[in-house]
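Next come two complexes, and both contain subunit A; in the first it sits with subunit B, in the second with subunit C.
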Partner chain A sequence: MAGPLTSPTTAPTASPLSPGKRSARVFARAGVLLLKWASLLALLLALVFLTVELLPGDAATATSERGESAADLAARRELLGLDRPVLERFLDWMTGLPTGDLGTSARGEQVTDLLSSAFPNTLLLGAIALLLTAVLSLALGCWAALRPGGRLDRTVSGAATAVLALPEFVVAVALVLVLSLWTGWLPAVTLTDADGSPASWDMLVLPALALTVPQTGWNTRIVRAALADEARTPHVESAVLDGLPPHRVLTHHVLPGALPAVAAGLATSTGMLLGGAVVVETIFNYPGIGSVLASAVADRDSPVIAGVTALSGAVITVVLLLADLVRDVVTGGRR
Partner chain B sequence: MYLTRRQLMGAGAAFGATGVLAACGGSDDEPTASASDASAKPRKGGTLRVGALGRPGAITRDPHGTQANESDYLVLSLVYDTLTVPGDKPNTEPRLAASWEPSADLRTWKFKLAKGATFHDGSPVTAEDVVFSLKRLRATPSGASRLPGIQAAGIKAEGTDTVVLVSDYANAELPLLTRLTTFVVPAGTTDKDIEKAPGTGPFKLEWFRSGNARLVRNEDWYGGEVHLDAIEVKIFESPQAMANALLAGQIDVASNVGAVAARTAKGRSDIQTVRRSNDMAMPIVMRTADGPFADPKVREALRLAVDREAMVAQVLSGYGSVANDILGTGDPAYDKSIPQRARDLAQAKKLLAEAGFDTSKTYELLTTEDISGLAESATLFANQVREAGVKIKVVKQESAVFWEKTWLKGSLYTTYWGTNDSVVFFASKTMVSDSGQNEAGFKDPAFDAAYEKAIGTADAARRTQLLKELQQIEYDRSGYLLWGMADGIDLAGSAVRGLPTLPGYGRVQLEQAWLAR
Partner chain C sequence: MSTTRRRAGLAVRLLPALLLTGLALVGPWITPHAVDAPVTAPYGEAGAGGTLLGGDQLGRDVLSRLLAGGRDLVLSSLLVALLVTGTAAVLGAIGAVRPLVGRVVERIADVLMLLPAVLGILLVTLSWPGGGRLAVIAAAVVLGVPYAVRLAAGAAAPIAGAGYVEAAAAGGERLWYLVVREILPNLRAVLLALFGLRFVAAVYLVATAGFLQVGPQPPAADWALMIRENSSGILLNPWSVVAPGIAIGLLALSVNLAAATLAPQTGRKAVTVL
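== the complex of A and B ==
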């Protein structure tokens, strides 16, 4: 969390840099960050290939049928290019990446085809969940922060801790039972249309909620803590002493300073949302990358796993970058 | 296509909402399945929404590819026809091949194509198309196991309506081999165009996307009248989600959804449970070649120590039947006259003593969680045989490790077969000395001789007699302990009629289904 600022002269409202210099600085910083994340991602992808290599069995055995002889398996291995060293296969795959070629699955399907509707679907679900999480956690956090230590504050904080401990799985199963099978209000699972997207919008509600609930718990606590930290800063204290009404202090003095921490918390949630999607998508039969990933791991299908990793990695990178930029803009480039 | 290793991974460990619901379910009355009710006159029209298991990463559109997804196989088998299809009695029925006839030595088989069969684009099906398709199938990595004993050169056309298959050896049950993956596409179809290749089946593909598909009736199907306007296939990764979709009325049929879901649906009068008996074998393999179970007396002792009724009741939730250590229980040639083995702990202990079996040691039973109930069967078995003085520790292995390290090699492990083709199928695949998947390392000259004699006998009655000899040996001393057979379980809405009741891949035969609404 952002610590209390040491000197009143560096209050975040006053920026010593001119707007032009400042945006150039932001761009440079974004470039450096992007480069850092991209190389991290490349490292991660290499790790994916290596890990799959170390798992017992390979894509040839995983996609074979019972009764294939050793010669059949060797033929399949050659067909899939598994007879080549892992480094060579990784570099091969990496060279296709800039052109958008994610390789071929162990079953001969183009990875881009496998992910063409699955990835946008997961993004949609993740974006809805992230938005809901942001709105709910900000609202709840601010609401609790209006009267620190009050009954409301304690209730919200307690509830937030309780739900953040709930696994998505439990939330999802409970939601299906109550909101679908018992009441019949919402569809229990997601069915897919000819265009590969959910057949109706109400099918998104339950999976989005299942992802939102635990993340809201987590982020509400972050918002609450960031607001508490910020509330202790001198400029906020002086605003309070000036006699400003509490909600105005909150929106104009506390919240802006707390934003970087809040944005960082939400950015972290992006990764957890994508991770949680693997579980939630299975329960709701949601046509996203979670189920593609799960089956690819079982199949030791490195190109598919790497494809999913690259795309989710890119999304997480962008979100982290945005969070960093928010911090830069708010703090005027100083930390 | 027989069984792909991971075919049923999705069926494993179904729990969660369905489990919770099962606990809440009040009534134990199960609505009787009216799906097989043939008395009513089929109504034409309607769209049937079918849920089938499949993993998005394993989707394939190639009728000759490795079809790990039941959903893909369902779509393919509605669009494309095979030469023959699974039946009840006999277990092989005509489809694109209207009839077939062997040569005297049972090595050359001639299949006559059905009259009036056309592709969905209107062009007639010729022997050339079939030869092209079978050769394409034979050229896949699994070709040798899908068309066993048939080389590419042994697939020939004779005129426009006859296909000749020449086997390396006499094979009285060759037509049975053509039941599952001999999907026919037009001659000359390239790999690039395989997804667009027209079929000859009862339904035409309207669209396919990410494992989901919509199929419409083929008005010109040569195989008889099709009642449904359309079938929508929905892919489900988990049986639990599929059961929920059915309970919520989002689909009409949950195909092969499993016993857990069936228990859940028990209290619902608007849900039918279709039980397809003899669907899945989950035998325990005892290595015969060497190791602690090499002595037939030890194997018999274990067979006598298992409590088969308890296994069926607990492992399969009662959705199954007791078996008698002979594989191929659904075969019309299955020998029902061999007495059912029952639990006899005293005799088991006596046999173990006679064999000098070391009861002070603890033996490992290796298993996986590939399919629901498999690991549970191992645990219950270990508890049961402890009463006969045999100490067994169950070791669960990750699927990939199991298939690489334990399968075909271990001295005691669980296996499973989602196909139940015939006594001959299992004999040829898993018990003849040189069979490729000899799971127990079983080598028995008398068994080999009985097998060769049976498979080389053209006369059906005589062959059935010879197969009895073979089954007796299997019962007496093979490496299998087959305690029971699991039912295949489909759930369906109350309006669905005419659903298939055959085990295994018979479940995809939806051309007779109709909707009473």
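== the complex of A and C ==
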């Protein structure tokens, strides 16, 4: 839930430069950002490995059956490569990740194979939910900002605050009950095609909505706050004094300056959406990482969750990097 | 607005959260039926066998399990919120006096931005199969502290720069004295608000862990677990799913309302405190 909205990077202090110099600067800046996020991702991956390693219990004991002898256990440790030195396994895990090798599950399957069809489905669901969240929160935030402090503003802000703390599975159950079981408008369960993707588009609606509702609450507040901050800047005040109509002031003078904060807020929602997707997918039987993780939970299969965490960490890194670049592009030329 | 009216408004906003957490805490003692024995048919409809809200997937009384199923969620969340707030307060105050500590915590918070909390909980509970409830609480604390430290450090920084703290530091007072006697007492309002926000976050995480079956295990009565277990019978006895759903929803809403009330109102910027 509570994600930070601050991004540690600061806008470059661009003086009037020739176009060539400016693009060189932008590239250098993008390189620095890339390096920063890549090193943070590497730290996360090391942290994931340490968590699995240091906590008591490993993949071999987790899947052991009752009455299994110590020799059997040792044999499976050897099969899973758990008998090798920690440092060697750490280097294997870290060097394997960039090549798409996410490790071996406790059952001996490649984690990459388990996720190859599931992860794209989750990404599709998450992307739809992120798009819906962006559209809805921008629309609601701008609508509320047209009359600051008015009844509509207070209603939107109040509703946004109310829904942002709701767990996704509670929203999902409510949606299923109303939109599926009572009215019969939308399917409550996702059926899959032969290739493992959802059979029709309307099966995506309810899972995406369940993810969107809490995140829209969260992002509407960010949009509203960013617009209010930007509305206090001198260039907006002068636009208002020039007698421009409110909606024009909003779209041409307030919104552009508020975009970096909005992009940063939406980027931090990516993590919440991926986490929420795990929960929502189990409710709708959606063929994504949620169902892979559900069986991992039953098996206490830690390598699988480590692989999923690494993969989603990479996705979130890319999105946060993009949000940083948006900030640079928007603020770089002006400030 | 007069002080009494403001106080009354404050009480009205805090009351739902206090009532609901209170009810969840005493609930296990006031159940009309046993929580672990069937009293009606599986998914028996409301009213059957003297049950107000019908039966669950084994025919156990939904109302009794509803009353019994909130205490652990509330207690775990309170514990997480307390631990996170306490740790963050001390670390934040230290970070304000010792900038190096502040920078390290800042980097860790950056890294944890890449780890969705739900996946973090799953990572810890699956890597630590024997951890049980302790694993969930530990994971929720570890995942919550870095964000909370940012807030606490932000609030502590101006205080650490205040004349009397600098005077005490120049006078050779030890670090713990500066933190405990000079800085923390001045952070009371911020820490109260922080506690509220962390409670909201903890309810979300602990409930989600329960739903993902890495928290309380069957046959325990738990709101999140009830939703998971009874979802296949939602058409036969909707109450078996709707009632715990409403309970979790109301808990999240009321605690969130209380937290928003406690948060310092410093204009629109206050929104980013969440």
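Everything below uses one rule, namely that the second predicted complex is superposed on the first by the 300 of 335 C-alpha atoms of A that agree within 3 Å, B and C clash if a C-alpha of one lies under 4 Å from a C-alpha of the other, contacts with A are read in each partner's own complex, and residues count from 1 in each chain.
Following the convention adopted for this analysis, a contact is a pair of C-beta atoms (placed from the backbone, for glycine too) under 8 Å apart; a residue touches a chain by one contact, two chains touch by 3 or more.
Everything numeric in this text was worked out from a predicted model, so none of it was measured.
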item: Partner chain(s) touched by A:Ala118 [first = subunit B, second = subunit C, both, neither]; value: first
item: First (subunit B), second (subunit C), both or neither touched by A:Ala296; value: both
item: Partner chain(s) touched by A:Pro56 [first = subunit B, second = subunit C, both, neither]; value: both
item: Partner chain(s) touched by A:Thr192 [first = subunit B, second = subunit C, both, neither]; value: first
item: Which of subunit B and subunit C A:Leu35 touches, first, second, both or neither; value: neither
item: Partner chain(s) touched by A:Gly276 [first = subunit B, second = subunit C, both, neither]; value: second
item: Contacts of A:Leu177 with subunit B and subunit C, given as first, second, both or neither; value: both
item: Subunit B versus subunit C as contact partner of A:Phe169, first or second or both or neither; value: both
item: Contact residues common to both interfaces of subunit A (with subunit B and with subunit C); value: 55-57, 61-62, 169, 173, 176-177, 181, 282-283, 293-294, 296, 298, 300-301, 304
item: Contact set on subunit B toward subunit A in their complex; value: 1-6, 9, 16-17, 20-21, 55-60, 62, 65-66, 68, 141-142, 144-146, 207, 209-210, 212, 214, 234-238, 240-242, 244-245, 247-248, 250-251, 398-401, 403-405, 429, 436-437
item: Of all residues in subunit C, those that touch subunit A in their complex; value: 106-107, 109-120, 122-124, 126-131, 135, 147, 150, 197, 200-201, 203-205, 207-208, 211-214, 224, 227, 231, 234-235, 238, 241-242, 245, 248-249, 252-253, 255-257, 260, 268-269, 271-272, 274
item: Subunit A residues within the subunit C interface of the complex; value: 1-6, 8, 40-41, 43-44, 47-48, 51-52, 55-57, 61-62, 161-162, 164-170, 173-174, 176-177, 181, 218, 221-222, 224-225, 228-229, 268, 271-272, 274-276, 278-279, 282-283, 293-294, 296-298, 300-302, 304-306, 308-309, 312-313, 316-317, 320
item: Touching residues (chain side subunit A, partner subunit B) in the complex; value: 55-57, 61-69, 72-73, 75-76, 79, 105, 107-109, 114, 117-118, 169, 173, 176-177, 180-181, 184, 187-189, 191-196, 282-285, 287, 291-296, 298-301, 304
